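In the two complexes below, chain A is the common chain; its partner is chain B in one and chain C in the other.
What follows is the complex of A and B.
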C-alpha cells in the first residue's frame, strides 16, 4: 500500500466509524461538590488526565489534571471541583461520525471530549485521541483480515493455469434414503464455489438447484452422484442416479405435482416444487429419465460475465 | 432489524451461543415446506419454521439464511445445532406460534421476501 492510499483509507474510516464505536464507555465521573484534594485519587487510580463532572445525570463540567496542579501551586486544595472545573465545555454526540471528533480535537486542542446521547443529552462516554487511534487500528485490522481471506480464495486459478480450455471437476456421491446425510454434497459444492470467488447470486442458484436434486436422489433412489464442471463461462452440474426413473417427465416438471411418500413430506419436501425450482434457478435444464434405468439431470448456470451477452 | 431486536420481539431463546450483533435481518419467510423456502427469489435473512430436522439447516445454508427460528417451543436436537454452528447460522426458539411470530416481526417493520414466480 502506498502512503497516499493509506491516508485515504483512514480518512474513509473516520467517516465510516461513529464516535460510539471507539469512545470509552466505562467512564469515571465526579460530583461538583467534591473537594479538589480527592481528585488526585480518582485520576491516579484510573490513570486518566481528566474527568467529567456530573450532577444528577447532567454533565456540568470537566476537571483535569492541570486544574489539580494549579490548585496545588496556589495551595487551594480545599476548593470544590465546581469552582475549578471548566464549565463551558465542548461535547460530541455518540452518533456523529468520527471525523467530527478529529476536527474538534484539531480546532480546540483539548485532551478529551465528553460524549452525549442525542436523545436525552446524558453523558454516555468520553473520547480521547488515543481512543480514535485505537478504534481506527482495530477497524483496519478487520479490513485487512477480510482482504486476506479474499486473497486466499482460489478465484485466480483460471488466470494462472495456461491451457486452451480449462475446467474444474468436482464429484460428490449421494447415499439413497439417508436423510441425515442429504445436503452434504450441495453444501460442499457451495463452499467450493465460494472459495472459487464466484458471485453470491450464482453460488446461491447453484447450491439451491443442487440441493433440490440431491434431495430427489435421497428421497426416490438408492443413490447417485453429482458432478460439477466449472469453466470460466459456466457451471454445469450433472446429477445421475440408477433408478427407478420418472414415468412422466412432463408431469414431474409441473409445480405441485409430487409422488413423494409420507416420510419425505414429513421432512419438509415432496411439495412438488423441486424440479420447478431447479428449472427456475438455472439457465438450462435437461432431464432425461428411463423407468427402471435411472435419471440424468443436467443443469447449466452461466457465469455473470457471460450471462448478459446472450 | 438486528438479531437482538428479534430475540426480544419473539421472546426467543438463543441455542447457538453468541451471535454477531451487527448482522442485519431485512427479509423474513416462514414455512414448513423446505422447497417453498428454496423457491423464494431472494435470500431471506430469517426463516421461521415448525419443522425440526437437519434439512432445515441445510436449506438455510444453501439459501443464505442467517437466522432460523423454531416456533411453538420446539427444541431441535443437538445435531441440528452443531450443523448450524458450523455454518454460522444462528438458531432461536420461541414459544410463540408461527402466526404470532410472523405478525410481531411484520408489525415491527420486517419485510416479507418475494416469491420467485415459477411461471415467469
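What follows is the complex of A and C.
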C-alpha cells in the first residue's frame, strides 16, 4: 500500500470501526465516597492515570493522578473523591464511529473519554488514544491479510486455461516415524486448495482424509508420498508407501482395529479410526495393499460445485 | 461466546495465538482421530495431549483453541507451530472433568445441543 492509499484507508476505518470495537471494556471504577488516600492503590496497581467515578452504575465524574498529586501537595489526603474529581465530563457512546472519538480528542485534549451505552447511559468502557491506534492497526493487519489471500487465490485458473482437459498435480513427500513433521503434507495441501478457491467443506474433507493417511505412513512405514490431482470435477488423492503392507485389508477398515504400537498410542493415535474417518469424509476410497510391498490408497472427493463465490 | 471471555473467566494462561475469536461449542478427547471425526469448526478442544500434532488437528478442523489440562505444558515445537498457525493454546491446572464442567456452566455445550 502506498502512503496515500494508507491514509485514506485509515480514514475509512475511523468511520467503519465503532468505539465499541476498540475501547477497553475491562474497566476499573471507584465510588465518589472513597477517600483520596485510597486512590493511589487503584491507580498504581492497574497502572492507569485516571479512573471513572461511578455511583449506582451512573457515571458521576473522573478522577486522575493529577488530582491525587494535588491533594498530596496540599495535604488533603482525607478528602473524598467527589470533592476532587472532575464533574462535567465529556463522554462518548459505544455505538459512535471511531471518528467521533478522534475529533473529541483533538478538540478537548483529554487523555481519555468514558464510554456510555446509548440505551441506559451506563458506563461500558473507556477509550484512550492508544486504544484507537491499536484498534486501527489490528484492523489494518487483517485487511492486509485478506488482500494478500485474495491475491493468492487462483480460483479462475480452470476458466482461464484453454485445453480439452486440465488437471493440476501436487506432490508431497512424507517421512516415516517422524511425528514432529506429521501433518505437514496435509496442511500444505489444505493451503493449496484454499488458494485454488475450493469450498471450505471440500477443503476440510480433503485435508482431514489426507491427514489420516499421512499419519498412517508416519506410524507404520519408513516414508511415502502423497499426490493430489485436481480437475474441474474432482480431487483425487493417491497415498503410496513401500512399507510392510496390510495383511487383512477388510479388517483394517473396521472401526477400532489397530496395530499401533505403544509409543504411537501415547501420542493419541491408534484409535483404529483413521481409515474409517477417511471413508466417512470422501466420496470414494480404494485401499490396496501387499504384505512386504506396500500400501496404495486412493481417495476421491467430488467437486459438484468447485468454486467459491468471489 | 468469545474465547477472550472464556480465558478471563476460567483464568486460563494463553501461550499462543490470537484469542479474539468466537467459540461455537466444546469437544474433549485425547484421541486425535476421535477429534477429527467428531469435533467441529470453532470448537474449543480440551485435551492432555501436548505434542505438535494437536496443532495440525486444530488447524485441519479450524478449532477455536486448545485447552491443555492438569497443568501440562506444551512441547517447544508445539508452541512454535501454534504461533505460526495462529492456534490459541491455553493452559489450566484443572483436570478435564472440572474444566468441562465450568465451560458447561458458562454455556459452552457439546455440538449435539447447539
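The rule we apply is simple: the second predicted complex is superposed on the first by the 156 of 310 C-alpha atoms of A that agree within 3 Å, B and C clash if a C-alpha of one lies under 4 Å from a C-alpha of the other, contacts with A are read in each partner's own complex, and residues count from 1 in each chain.
What we mean here is this: a contact is a pair of C-beta atoms (placed from the backbone, for glycine too) under 8 Å apart; a residue touches a chain by one contact, two chains touch by 3 or more.
In this text, all values refer to a predicted model and were calculated from it rather than measured experimentally.
Engineer: Aligned on chain A, chain B and chain C: do they clash or fit?
Structural biologist: clash
Engineer: Between chain B and chain C, whom does A:211 touch in the aligned arrangement: first, second, both, or neither?
Structural biologist: both
Engineer: Is A:280 contacted by the first partner chain B, the second partner chain C, both or neither?
Structural biologist: After superposition on chain A, A:280 lies in contact with both partners, chain B and chain C.
Engineer: Of the two partner chains, chain B (first) and chain C (second), which one does A:269 touch, if any: first, second, both, or neither?
Structural biologist: The answer is both, since A:269 touches chain B and chain C.
Engineer: Touch check for A:188: first (chain B), second (chain C), both, or neither?
Structural biologist: In the superposition, A:188 contacts neither chain B nor chain C.
Engineer: Counting only touches as set out at the top, which of chain B and chain C does A:180 meet: first, second, both, neither?
Structural biologist: In the superposition, A:180 contacts both chain B and chain C.
Engineer: So, does A:111 touch the first partner chain B, the second partner chain C, both, or neither?
Structural biologist: neither
Engineer: Does any part of chain A touch chain B in one structure and chain C in the other, and if so which residues?
Structural biologist: 179-180, 182-183, 186-187, 190, 204, 207-208, 211-212, 215, 267-269, 271-274, 276-277, 280
Engineer: Spell out the residues on chain A that touch chain C in their complex, using ranges where they run on.
Structural biologist: 26, 179-180, 182-184, 186-187, 190, 204, 207-208, 211-212, 215, 267-269, 271-274, 276-277, 280
Engineer: Note which residues of chain B are touching chain A in the complex, please.
Structural biologist: 32-36, 38-39, 43, 49, 51, 53-56, 58-59, 61-64, 79, 87, 116, 118, 120
Engineer: Can you name the residues of chain A that touch chain B in the complex?
Structural biologist: Against chain B, chain A makes touches at 179-180, 182-183, 186-187, 190, 200, 204, 207-208, 210-212, 215, 255, 267-274, 276-277, 280-281.
Engineer: In the complex formed with chain A, which residues of chain C make contact?
Structural biologist: 8, 30-34, 36-37, 41, 47, 49, 51-57, 59-62, 77, 85
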